[in-house]
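Residue numbering begins at 1 within each chain, and the chains themselves are lettered A, B and C in the order written.
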Amino acid sequence: MTLAASNLTIERKDEFYLNNISFEMSPGKIYTIIGRTLSGKTTLLKTIAGLISQDSGKLTFNGNDFDIIPVWKRQVAMVYQQFINYPHLNVFENIAFPLKQRKLGKEEINDRVKQAIEQVGLVGFEGRKIQALSGGQQQRVALARSLVKNANILLLDEPLVNLDYKLREQLREEFKKIFSSKASEEAILIYTTTDPVEAMQLGGEVIVMDEGKILQQGSAKEIYENPITTKVAEITNDPAMNLFKGEIKGKKIKLNSKIELSLPKHFKDLTDGHYTFGIRASGITLAKSGFPFQIELAEISGSETFLHLGQGQVHVVGLLDAVKNFDIGETVSVIFDIEKLYAFGSDGILMSSPYSGTK
Amino acid sequence: MNFKHKYLFLLPGLLVLLGILIFPIGFTVRLSLSSWDSFFPGLDFIGLENYTRLFTDDPRFWESFQRLSFLSVTTVFLQYTIGFALAHIVWKEILFQRFFRVLFLIPMMTTPVIMTVIWKTVFHESLGPVNDFFSLFGVTPLWLSSEALSKVTVIIVEVWQWTPFMFLLLLAGLLSLPKEPFLAASIDGAGPIRKFVYVTFPLMAPISIGAIIIRLIEASKIMDTVYVLTSGGPGTSSETSSFYIFIKGLREFQFGYSAALSLTYLIIMIISLTIIAKMLVKLMIRS
Amino acid sequence: MRIFYVTLKYTAVTLWSMFIIAPFLWALSTSFKDFNSVTGGATYIPWVDFEPTLEGWRVLLRSPAQGGVNIVEPYLNSIFVTCMASFVSIVLGTLAAYALSRFTFKAGFIKNDDITFFFISQRIMPPVVLAIPFFIMLGKLGLLDTLLGLVMVYVVLLMPIAVWIMVDFFNKVPIEIDETALIDGCNPYQAFFKVVLPNSIPGMVVAGLFCMIFGWTDFFFAFILTFTEVQLLPVAIVSLNSSITPWWSLSAAALVSVAPLVVVAFIVERYLSKGNLSGALK
């Protein structure tokens, strides 16, 4: 029961929507595709569903050619980021629709729809019109409709992106629970998102996409620890990983004429020369006897404050573990936690990470 | 989305339309190359003779065309201005809102030719109420039989008949506008006039263009009104292109020649409407 | 300033309302007149200005043999032709509009937009251009002066309207709804009939109303393509307008012909206020 793609490509007017996509996915797992808007996530899901056909490449399911099976005969389910339901049907009828389409018996339909409604927490709403539901409830209906089919492949295209923050957190937890029970039923789950936090929280396998290409695939931990390129490091961190050019010379890292850091242990095998260095916001904070930076912007987020800092050509985002107000232009003292530094080659490829040392 | 049976959706309509139209259009083209008239009915072939006559020796056609341009541009302009004003008024809170909305729609629901018959009695020069009113001031304008006024009468009736259509399209457009820009303008302290100039009008531009084009297309067919009110008269002073083609074809039975007129007219219409559409887009988007 | 604006507003709607109602009131008053009260100059109020009579209304129901005009049959003919042509136009127009909105067509340089334009451009054609060839074609087919022939011609007149409104409507229905139906096991036909169509009723109602309005109010084709067997209402009424115009029966007939479409005006307004029309027009 594996879904395999080899060299899927879709190209329109010299622009790649999918560029040589290959993967193998097996049931019982969540695959989270992370990528920015227009990176090809939705196109990939629609290709798997059969709504779009690729220009070249092949999709197989269980070793059988998947491309010759039309959408309506593939055992897939999909939830869109817009809340898509059938406006002329009520909640119950919406969820029962795919089962009726399969001509199942009335009792079986009733049982399965009831079960799905319980799973997504919509008991009591069976007779409601779709328009009379809130956004979150509408998305629950869409999820229930995709669960009720027991599809082999469940596609979720940024299902939470149009919900407000609190609801998103809450639904994500619920989704995780539902998925873990669902996953044990031998379905392949594919979930797309632009949000690194979401990708990390869902666990499972993470696939990083950009401009129609797969940049990296691996466990959430692996990608967090060792993003193989600067691009991946940007996409999979929020705020994006700070990247700046610098030079290793002797036992020092020179960022500009004023900032010099000492060389961390995991950099010891790097030869002298120019690199791109990376560090997460959490590796930059305020402390005495640091480097002078100007505050460009301070954003308070929950119990933390994100600081946009600048000095000459170097602009970074740092994190303060407290809530504090700053004046724009104010000079502060900034320190870099050198144990959290990444080094990338001039071609953007990871050379050294705090977690696995130098390659 | 794509699938192989997509033609089953498109073709029934397309084929029916083509099926009904292919003969008329083909036949008109062939007819325009013949001299078919009531004396010598038959499809002989005279080449482009009809077209030569039309371009070199028929000032009446070109005059009717000018008149049509004048009449349709004037009526559509009036319809647009009045229609927009009315739509704007009943768009907002007003007493008896629904009553006015329904009332303002009614004229477009009436058959133009029938209402024109009624209008003809209204404008009757000796027995109608309009001149009954004007006689209080000692004048009796010749609404139907003077060269200048008969055009005004046609315009009044056309405005009565079709402003509602403009009103409908524009009101539907106003009701579909997003609320945010208006809120933003209110917060910025914009008064009603500034709001209209900087928010409503620009937002309505695409809808306005659509409505004006549709009305120009329909107005260029002015026919029923002229036929009943003035029969193109006095003389040829209120004759429009459609009406002239009608006279040549169905009164004088010069089928061949009227076919040539029709095709020429059609081509000019398509070209000029395309140009007008492009110009309007430029004009309204810029402002 | 505000008072000035409000006064202006109410003055404008009042004046315009009077302009709209005036011909109807005049027709209503005239329909109760007879020869003497018409030829004596303009009169307005029954019993005061003139002695009312029901003659104008009675003529409409009398057979021609008794000197009447009998508009019942033309009335039914008009309803039949308008409804049939609207129905055919909506069915074919909706299918075509769905195809044009959802699928990609390409034949040489012709693309979806060009096909849509072809449909809509039929409205540019002035009736006179088509009248003569239609006359000859229907004559050859033996459909001149028949209801079927008229329905055919009216379909050409109305289908562009249906396509215009429905293409716009479908373009606003998210394609994800169709896709979800396909994913839920519908083939494309089932997706259209089970999911898209039930959600397109507002658009179809609006398209239907427009077809009815333009069908009901056409005069020219009915005038050219029928003689004695089949008469439509506008032709019947205008034919009253002979050498001596019977203002009274003409007025009564005009009012009768307007009546059913006033109902349509109410329905259109309802759709307008509910916001359905904004989605379906534009």
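Assume a residue touches a chain if its C-beta (ideal position, glycine included) is under 8 Å from a C-beta of that chain, and two chains touch if they have at least 3 such contacts.
Note that the coordinates shown come from a computational prediction; the quantities given were computed from them, not determined experimentally.
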{"item": "Most distant chain from subunit B, judged by the mean position of its C-alpha atoms", "value": "A"}
{"item": "Interface with the most contact pairs, given as the two chains involved", "value": "B-C"}
{"item": "Centroid distance [mean C-alpha coordinates] between subunit B and subunit A, Å", "value": "56"}
{"item": "Rounded Å distance between subunit B and subunit C, as computed from the means of their C-alpha atoms", "value": "16"}
{"item": "Per-residue overlap in subunit C, given as positions that touch at least 2 other chains", "value": "179"}
{"item": "Junction residues of subunit B, two or more chains touched", "value": "1-3"}
{"item": "In subunit A, residues with contacts to at least two other chains", "value": "51, 70"}
{"item": "In the complex with subunit C, residue positions of subunit A that touch it", "value": "46, 49, 51, 70-73, 76-78, 80, 82, 84-88, 97-98, 101-102, 145, 149"}
{"item": "Contact set on subunit B toward subunit C in their complex", "value": "1-3, 5-7, 9-10, 12-14, 16-17, 20-21, 23-25, 27-28, 31, 82, 85-86, 89-90, 94-95, 98, 100-115, 117-119, 121-122, 126-129, 131-132, 160, 168-169, 171-173, 175-176, 192, 206-207, 210, 217-218, 220-221, 223-224, 228, 241-242, 245-246, 249-250, 255, 258-259, 262-263, 265-266, 269-270, 273"}
{"item": "Subunit C to subunit B touching residues, read off their complex", "value": "5, 9-10, 12-13, 16-17, 19-23, 26-27, 30, 38-39, 41-42, 44, 88, 92-93, 95-96, 98-100, 102-105, 115, 119, 121-134, 136-137, 152-153, 155-156, 159, 163, 175, 178-179, 188-189, 192, 213, 216-220, 224, 233-234, 237-238, 241, 245, 247, 250-251, 253-254, 257-258, 261-262, 264-266, 268-269, 272-273, 275, 277-279, 281-282"}
{"item": "Touching residues on subunit C, where the partner in the complex is subunit A", "value": "174, 176-177, 179-187, 190, 195, 198-199"}
